[in-house]
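Same chain, two partners: chain A is paired with chain B first, then with chain C.
Here is the complex of A and B:
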């Protein structure tokens, strides 16, 4: 049985639809990441699960119980906020105890649980300090701890790492992943950072303009993006997308260059996508005039153009290519994604046979 | 910026302060050591005699107590009502901007107009309040004629005039409380009352400290409301130190005693402010 169940949940503000019929089942122990650009409705969806926004229509079940119109405190959830939202005048201990106190948990038991959570997060030495004496990373730990002591059915995290610097973000990301595996509870995690989503999620829910675009495991959405938006959003550097035409087993890019077409591709206009890392240097292929070479250490990124169209190619480290050079690139036909130019939906190809990802 | 600019700018401020504030204050204090029957008469040095005289008068202690009651009760009411209105005006509702504007209006009215309007409203024969109460069969209230009613009347007018100050400053402060704190408290299971006491009040404590301090000092020195309504009467029931000081100096022509009262009032207020800051430090002890 699903721990959390969203059934055709919608949110409208007057005539504006913020979230359009989201349906999603989350199992116990599963980490779901809601991913999308700002304004896509991911935070609103999370806040509806939390009970901080009313649900316009649809049903929300947590632990099999209909909680659609319950107050946040009655939903068996705990939440971690982007700005930590620690009570500034309370000590860390009091911050972590507050929710338990409000629920009438025995003080001795509450103290025990706070100690245990603090131990787990390595913040025991901070318990008697005030929030403003803490660094961002420490405050984030406390915010996690405050959620942890409550032992809820589901943890809700709203962009919890976006106020941290890059290095700390990576470390906290790992810690959250470990913590989540250890406590084995359902978790819904909102972010706009696709790397965070890829590394943390059991399943990613990609949203745009209030609509779910695709739900799937990280590699599923990476390998088989359901539409042009997902194709462009997942992956870094982002996928090369071209207006093209399929004819005679070839993908003819509008600039005139050709790539091999995947098996089973039908003739006609398409949007063709190929990831920078799927492209490789060949003797004869698409001529790419290199405009810039970005050295990333272990990899080399070529930024260039094919006629009018921009193209990025990610190679293993190469020290010998200079800006201004022309190289030839091509890709395995199975690595070429085709989309309908009108609907922007993925066109089925032979490599999609094992497709398990869910269509939105 | 030349090296002369800083001293020059500072000098302008320092001279203005000396001439307009420090000088007159010192002059006023110095007057309390002299016996004078008018500001033009020959002063006779009497040392601390005026202070001894003033402190031995029952009317001085009466005025001190009245001042504390007047300031204390009106501040409590202003703060409680002001915060209450601010919380209401913080909620979203139709026409909120208009109501917010109207709520500030009393603060803009000159005291004289507010007081005269109030006096007309409660006029013994023509006042709208008097007539309405009579129509409802209620006994008349002698607003300024009985001792307890007079104190409540001046407090009522003061609260009406200056609650908007508290409402407006507190409402502005409310905008600064991060909304995520309220959301965290909701998730933690705190209802509206607990959210107020666990989030709003602690976060806004420094601002509230200043609001209460400002209102306290202003109310303790407030002269015009009482002067324009009761003039300190009946039989000294609403007479506080500023009124007593004025009456002593300019109605009884004892300038020295009047100055002594004003000086004592100033010292008392300074002590009160000092103790207030000791009790409610502005810097949160971390």
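Here is the complex of A and C:
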């Protein structure tokens, strides 16, 4: 049975719809990432699960119990906030004990659990300090610890790493992933950072304008983005998208250059997408005039154009290409994504069908 | 100010700053000193040749003030009015300020702006219509009417100040508390209020101060001797034929006493509260 079930959950403010009918089942031990640009409704969805926003319509089950209209305190959840929200007037120990105290956990047992959580997070030496004496990373650990000691059915994390610097973010990301596997609880994690989503999630829920765009495992959404938005949002650097036409087994980009079309593509107007890392240098292919070369260490990113259209190409390290040069690129037809130019939905291709059957 | 710039400051500049600070302190403190010393000086000396330091001290004014006048009664009246004003101000302004910062209320900007607007009216402008209204309902010449009129000054101040204070407090703190197992009220009592102590103390002191030292409203509202507050009582000592400076100074000293005590005890919070308001305001 699903640990958390969202059933056609909606949120409206007056006539404005913030979240449109989200349905999602989250299993025990599963880490779900809600991903999307700011204002897409991901935080609102999380806050509805937490009970910090009322649910306009729909049903929310946690642990099989209908909690749709319960107070946050009665939902068996714990939450980590973006700004940590540690109680500034309490010591770290008191911060972590507070939730247990409010739930009437015996003081001795509470102290034991706080010690254990602090141990796990490596913050034992901070227990008697006040939040303002801590660094951002330490506060983040404490916030995690405060959620941890409560041992809830589901952990809710609202952009927990966005206030940390890049290096620390990566480290904390790994720690959260390890921690989650270790405690084996359901977790809902909100972020706008697709790298975080890709690395952490068991499944990613991509949202935009209050609507779920696609739900899938990280590589699933990477390999088979359901629409143009997902295609552009997942992956870094982002996917190259072109207005194009399919004719005679070729994808004819507006502007003249051609790429091989995937098997089973029907003739007609399309939006063609190809990831920068799927493109490779060839002798004859799409002529790319290189405007800039970004050296990333092990990889080299070419930023250039095909006629009017911009194109990025990610190669293994190349020291010999200079800005101003023209190179020819092409891609494996199976790596080319086709979308309907009007609905922007994915057009099925032969490779999709093949993958689907192997998965089943 | 960084320590670097302090380090580079010339001795002359430092001296100038200390001198200015001393001058300001003297300017502020001397009248207080003079008030206290005058209340302890024999009449003879005060009227003929007041020296900086009294040669002889006497408590005669205090005796006469406390034994022969209505001063004790007036002091009690002032205390009752001020404490009632503070209590009501605290309860109401905390509720209003919290409401306008945390709830979706239609026209909440208007509520706060209206409060501030009301605060801009000079007391006298409010006092006369208020008096008419009190007379209408039979409340004229009561301490209650005085409390209500003082609220017209203290409530806008309290709401305005606490509004800034609550606004600066991240809502996530209460949300965290609610997730941790508090009700909304519980989150307010256990998290918001303890964090608001500096603001609450500041508002309480200001409310007390405004009520305790008010003369205008008391003059309009209160007619009978029995209900006079201290500022009114002191003013009535300045009679047409005699001017008992000693008694007045003793009375003034006693007025200042509770304020002084409050400041000393609460100055730590008070300064915090003022700066918090200043940053946010």
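Assume the second predicted complex is superposed on the first by the 353 of 360 C-alpha atoms of A that agree within 3 Å, B and C clash if a C-alpha of one lies under 4 Å from a C-alpha of the other, contacts with A are read in each partner's own complex, and residues count from 1 in each chain.
The working rule: a residue touches a chain if its C-beta (ideal position, glycine included) is under 8 Å from a C-beta of that chain, and two chains touch if they have at least 3 such contacts.
Note that the structure is predicted; figures quoted are calculated from it, not measured.
Superimposing the complexes on chain A yields a three-chain arrangement in which chain B and chain C clash. Once chain A of one complex is fitted onto chain A of the other, the partner contacts of A:331 are absent, as it touches neither chain B nor chain C. Shared-chain residue A:19: touches no atom of chain B or chain C.
By the document's definition of touching, both partners, chain B and chain C, reach A:89. By the touch criterion defined above, A:130 reaches chain B but does not reach chain C. When both complexes are overlaid on chain A, the residue A:215 reaches neither chain B nor chain C. Looking at the shared chain after the overlay, A:71 reaches both chain B and chain C. Within the superposed three-chain model, A:81 lies in touch with chain B and with chain C [touch as defined at top].
Comparing the two interfaces of chain A, the one with chain B and the one with chain C have residues 50-52, 71-73, 77-79, 81-83, 85-89, 98-99, 102-103, 146 in common. The residues of chain A lying in touch with chain B in their complex are 50-52, 71-73, 77-79, 81-83, 85-90, 98-99, 102-103, 130, 132-133, 146.
Within the complex, the chain A residues that touch chain C are 50-52, 71-73, 77-79, 81-83, 85-89, 98-99, 102-103, 146, 150. Within the complex formed with chain A, the residues of chain B that make contact are 178, 180-181, 183-190, 194, 198-199, 202-203, 205, 284, 286.
Those residues of chain C that touch chain A in the complex are listed here as 170, 172-173, 175-183, 186, 191, 194-195.
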